[in-house]
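Several structures are given next for inspection.
What follows is a pair of complexes built around chain A, which joins chain B in one and chain C in the other.
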Partner chain A sequence: MKRTILTLIGVAVAGMVLAQSPEQRGLEVAKAADKYDEGFGSSASKLTMVLTNKQGQESTRFMSNQTLELTEDGDKSLIVFNSPRDVKGTATLTYTHKQGSDDQWLYLPAISRVKRISSNNKSGPFMGSEFAYEDLSSQEVEKYTYKFLKEEQINGVSALVVERDPVDVKSGYTRQIVWYNKDNYRLEQIEFYDRKNALLKTLAYSDYKVYKEKHWRASQMEMTNHQTGKKTKLIFDEYNFGLNLKEEDFSQNSLKRASR
Partner chain B sequence: MTNKFQNLKEQSREFGQRWGEKVVRHKWPVLIGTLLFAMVFAAGGQMGFNSDYHVFFSEDNPQLLAYDGLQNKYTKDDNVFIVLAPKDGEVFTQETLTAIEELTAESWQTPHSSRVDAITNFQYTRAIDDDLYVDDLIQDAANKSDAELAELKEIATTDIRLVKRLINEKGSVTAVNVTVRLPTQDNGESAEVAAFVRKMVADIEAKYPNIETHLSGMVMMNSAFFEAFSQDLMTLTPLMFLIIIITILLTTRTLSGTFATLIVIALSIMTAMGFGAHTGISLTPPSGAFINIILTLAVADSIHVLITVIQQMKKGVAKKEAIVESLRLNFMPVFITSMTTIIGFLSMNFSDAPPFRDLGNLTAVGMFAAFIYSTLTLPALLAILPVKIKVSAPKEGRLPFLERLAEFVIAKKKPVIIVSTLFILISSVLVFKNELNDEFIKYFSKDVPFRSDTDYISDNLTGIYTVEYSVGAGEEGGINNPAYLAKLREFEDWLYTQDEVIHVNAFTEVMKQVNKSMHGDDPAYYRMPTERDEAAQYLLLYEMSLPFGLDLNNQVNVDKSETRMIVTINNIPTQSMLAFNDRAKDWLENNAPEHMYSDGVSSTMMFAHLSERQITSMIQGTIIALIIISFVLGFAIRSGKFGLISLIPNITPVIAGLGMWALMYGYINMGISIVFGMTLGIIVDDTVHFLSKYLRARRELGKSPEDAVRYAFSTVGQALLVTSFVLIAGFLVLAQSSFGLNSDMAKITVLIIALALILDFLMLPALLMLAPSKRAQDVKEKTIKLETNLDPAPAV
Partner chain C sequence: MISKSSSNWWGSLFSISLLLILALPTHAQEDDGTFSEFSGYVGFDHRQFFSDGLYPGQKNSYPSFVFQPEYLYEWNKGDDRIKFIGFGRLDRDKRRTHFDVRELYYQKVKGNWELSVGLKKVFWGVTESAHLVDIINQTDFVESFDGEEKLGQPMVQFSYTTGIGTFDLFYLPYSRKRVFPGSKGRLRTSFIIDNGDVSFESQAEETRPTFAARWSAFVGPFDIGVSQFHGTGREPFFANNGGNFQLLYGIIDQTGIDLQATMGPVLWKVESIVRKSNFQDMWAIAAGLEYTFSNIGNSGLDIGIVGEYLHDDRGNLAFSSLDNDVFAGARFAFNDTQSTEFLIGGIFDLEKSTKLFSFEGSRRLGNSWKAEIEMRLFSDVAPTEFLNFVRKDSFLQFSLNKYF
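Up next is the complex of A and B:
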């Protein structure tokens, strides 16, 4: 009798697992991905941004980037622009939040002042590129609702395909389709659908390298805008996970320091 | 010599006779064969309709390339301009602003939309504490107090980026501009966008009865092209058919003859359509006019053949013999007049705008088909169908009016020449009073909603025509250079001093506004930043604050080395637009460094340049058509003297027509420019008929010049009246087109055809009587040849 009950419970549990809704499974994938990358502490890298228009004309910008991992709230990051010449030394500081809008500041060396960026608009293009600010900021789990779609092969690996819908009403997207690598949850590709639910952009990740044994970072991210034919390539190099950055390296005062 | 010409005449008539005999003998195979051919040919495909305004421009049109280049640098902007006019005359109420917010949100759902601009989502920049704050100007309007609404009104109606662009100064009319990026220039996409917007706007009007809407913009213009065309097809074509049927019935009084003629016309149109489908010609409003033009012109061929058959049968000749006799007499004249008409239409290939080339080719094919079917299908059908004609004594087809006219010209030949010469001289001076004008809004008649909506917009809100300048800064990031910004502002200020200019959308306005907000909204800082790095960093901050879709990509290029200036101008003739652009170009060249030089481009400028290019190319086309037609006539007449005389009544109606047009309308557009070659091919027929009768009377019948004129009037006078009547009626119907290019073309054609008739009845006989006589023998020989080829059907 006891065995029968146990068996029943077992079947019920298995059934529940099987009966997991696509929403639950999607959220699980997102959480697992977040979990997998936990514990990198802080990182720094050099960043090259190459903008290409429809005719193939290119324009290149250089930046450097630092990120600090936080678990109780979203990550903090700092980007310093090294070119074009006119904005050299300009730096942005971002505090991502699990709930609500992110905080963002910009340091303008021309007037030696830190200015806060209005908090509502996070969907515009970053430095005239095909990346919106929301594409680049820390991808906190809470910023989307999820729906598992399917498993499929991409870039020669099997991937979990999840749809995620932005929570922020000011987002430029209705939904995104994300391909997670099934083994290590690194991102393989994201498709962005605009407000009228038409495919707007595709972001492809490539040249992955692994740091501190389990932290996968793509050396190249290429965003293609299908509606304008423009492209932006982000190239990351000189990744450094050993700087041991602290919270005080991500304050408004540190913006001015970083700028030098 | 005489024998040789006599032989030629006989040979040619024998050919017509043999043709007629064969057709009558093999009537069934001929009928079925031609019907099958037309059907199979027409079934080969369907002509698609293309109403994108780009169809007016050939692929290598320099202005099109320039505009494409500019749009590639920034953004490609086709748009729908939705105007909202609250009936209470106040935009800034909770209800109306809420409606605008809703409409703006919904507009993002428009297929292929890339951007939506409204007063509500206008990115208003202000200083809050020490920070730059950029956000939608109006949010949650439903909960705004009267004071807040008044403040918003003050901001919106004074911001230079909004006023006269998205809102009028009084705050009583506003607009939502939806920018769309159509992936290809395919009409389906324009239609899809237009349908979506119409539904959206209808929903808003239903929900907010206080709001009246008007739709304009390039997408709506594209769809208006299609609507104007369908409207014409549904109203004008049936009317044209009706007029044709009545005319044939009245002149021939036979049902089977009328039926046979209609079959010929239908087959001709089908063949032209099949040709269009096989060669991939797409229907456009101008090329679509081919249906009505073939309807009008094709009837003439059939009438000539038909009338002779009836006249013969009235004399008591049996039907079959009457048909053979008709072809014997008419084959050559119909062939030659068809050829001249075809040459006239082929001259449209010189046009710079593809739709007019298509129109010329479609009509030329249709006219050739009409010739073939009039000499094959028509006689075969007549041979098969019962044709009942009462034998009656031949009546002289004389009209007292024509007789009096003949006597008048004979009595007053010198005054007639003097008056008509004066008339033509005055007209030719007036010709140059015509202005080139291709204001594309005026292509649509006032009963097309697009036209009335657009007129409403230019009366109440802003202009429809724009000129765009991409002003270079010479280097990457150079747009932040204070020297560049200062010069750009100077240019903007200069533009505002020009009478034509309604609004200038310039990058300088962004810079001024940001600079002010970076200095705590101090109005003293409403000017350009003074340092380059300062400007660049402010701009970076501003750009990072902009939301999705409302970025600066439409104003600033990727490497920040150029900015785009959009100048909205009044409704002025295109020549004035070109003059304005020249002044602007000159200003830059005289006042700015070389990298800032810029030529105005835009769809408006494309059309403005097109009429100029079109006129020059059509003058070439007309001259070549004239040479070829003269060659054909010369070949037919074999007389230099009469060939030259015949040129006068062929060329002068066009000159006189343009002169009178200058008094009536005073402008020339693309549609009018194609008329010269086309009418030349048509009016030449009248001259030829009159001349051939005159010469026959002079030399074959040995009449005096005066009697020869009487003879010409009595034999072809009425026929010329009838064919001119059909032509005038046909083009008068086309003149009712809701598409202005077609109606203008038809109106001036009516004028020219009417003038051609008048000059053929007055000036031509006077000229003939006053021309010095040549050696009798010489004239006689040539006359024989002329008769051979050109003797048309006798008068009705």
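Up next is the complex of A and C:
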């Protein structure tokens, strides 16, 4: 009897899965990934950015980064540039919002000025790199619509492949194809399609490390632009999840102090 | 006594600070919650004036050498810090040859509050072509014609961040005089301003205490600031004392407000001041917008268009000559690896013929060099304006700086 009930439940669940549209399943994967990383609280890291041009010449920049997790609204983050030396101390403070545009301030150390800037420029390059501002901003579930595509092997692991389309019309992309690790929902790869729906860039995640038992962070993210042949590599060092940062660490006064 | 030797005094403070800092730790040690770093730049620039000056002694070409050493020491994970920024220039004009301590302060941070003691630089305001509400620091007039470079200001600053915004309180024990060019310098008045020509309304001269307060906050797309300043003003009054010009620093009360609304690609900006003193009451406003076309044709290029209206009810007596003028400018940021940028702008007087044009460009060379170009043109300056003194001082400048 018990067995029959279990079987019946099993059939019902299978039926629900079958009845689930690709859109529903895609959204479910995105939500599960978001949920999986919930509770990291705050983090800080050092960042090295290596830009490679078409001829293979490299230039390197150093930055540091702090993030505060918020559940009601999007995350808050602070980025400080350490090099190139002429922009040393320049810093940005971003309040991401799940809906509507983000709030962003820029600190210019040469004139000690905090300036509120437009967050409209999503598709533009970050610091002359192959990363657009929108690639680096907090990835809130609400910012895309989703469609589950398939399951497949990538980097030796099985992945859930989901297409996501940016909600914001100012995005530089029509769609992105995202490979989520099936076990822990960490990102393995993203393909970006431009406004003409041509493949523009591929972002590969590697050297994953786990922090606080379940928060996976890639130590390396490499963006390849297929249309220009340029590359940008981001290397994350000294991840620190133990700083217990608070809202007051993301104020305009904190932005000025972070500049050093 | 102090007033006679004050420029040497700042130079000495600069040298002493620099020596002390060279004795401090210079490598980063973040494991024990301390951090220290030495940085800054050295540079060479050349300023070429297009025509001969109006006054005897003036030259046409000015090669110049600049350096700005900076040092930061933090302990208690950054809750305590000492910061130093020095600045020096060697120039053909001996007044433009100057050394200053831009910043040298101790700061203590605890949760929501911050206390700073020492010389510091503080900026207030939102507009691009005029900085009306910005009053804490004296302008380094020999360094920049547009007033963006400032002298270090001695202060005790208390800053408190709350749910309804940030409150800043300032005690400013010493007011610094504006530095004006010497006889060999360009961009000056016909007369040379000597220490004997400068006086203060207060008997205590530079040492009369000044107080200031500011509240600033943001709600959604709006950033707002309201400020009050009471004490010795930063802008001197010019009095014609029987053919001899006299400069007087009066005691002023100034109320300022600045507001910015960030609406998608448009930034709406306004700032305004009301100033009262025993010699003159005045008000001024600067208002306008900045519209950015971003990532044009997916090239990474951003073009920002800036339009601002400037009004100063002092009319011809306005030191800036921005009494009823319009500023129009365009900023080009290529967002390339070398951070190539340029800015073109013009200020047009709505009643008189005066026009000012400017061009600024910069590009990084390699990883730590930067090349800059600056041009300022004075065109059809009306004889009634203060700017008439510098009508022949259009120039082109090249700079090359090495950052470390």
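By our rule, the second predicted complex is superposed on the first by the 246 of 260 C-alpha atoms of A that agree within 3 Å, B and C clash if a C-alpha of one lies under 4 Å from a C-alpha of the other, contacts with A are read in each partner's own complex, and residues count from 1 in each chain.
In this text, a residue touches a chain if its C-beta (ideal position, glycine included) is under 8 Å from a C-beta of that chain, and two chains touch if they have at least 3 such contacts.
Everything quoted here is computed from the prediction, not taken from an experiment.
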{"item": "First, second, both or neither for A:S171, with chain B first and chain C second", "value": "first"}
{"item": "Partner chain in contact with A:S59 - chain B first, chain C second, else both or neither", "value": "both"}
{"item": "Partner chain in contact with A:Q252 - chain B first, chain C second, else both or neither", "value": "second"}
{"item": "Touched partner set for A:L68, first chain B, second chain C, both or neither", "value": "neither"}
{"item": "Partner chain in contact with A:S112 - chain B first, chain C second, else both or neither", "value": "second"}
{"item": "Which of chain B and chain C A:S101 touches, first, second, both or neither", "value": "second"}
{"item": "Touched partner set for A:G128, first chain B, second chain C, both or neither", "value": "both"}
{"item": "Overlap of chain C and chain B interfaces on chain A (superposed complexes)", "value": "51, 53, 59, 84-87, 111, 113, 115-118, 120-121, 123-125, 127-128, 172, 195"}
{"item": "List of chain A residues in touch with chain B within their complex", "value": "51, 53-55, 57, 59, 81, 84-87, 90, 92, 104, 106, 108-111, 113, 115-118, 120-128, 132-133, 170-172, 195-196, 198, 227-228, 230"}
{"item": "Residue ranges of chain A in contact with chain C within the complex", "value": "51, 53, 59-60, 83-88, 101, 103, 111-118, 120-121, 123-125, 127-128, 172, 194-195, 248, 251-253, 257, 260"}
{"item": "Residue ranges of chain C touching chain A (in the complex, touch as defined)", "value": "35, 37, 39, 41, 72, 74, 78, 81, 107, 109, 111-112, 114, 121-123, 126, 148, 159, 161, 166, 216, 218, 223, 260, 262, 264-267, 292, 294-295, 298, 300, 302, 335-339, 364, 367-368, 370, 401, 403-404"}
{"item": "Residue ranges of chain B in contact with chain A within the complex", "value": "72-73, 75, 108-114, 130-135, 181, 476-477, 480, 518, 531-538, 540-541, 543-553, 556, 558-560"}
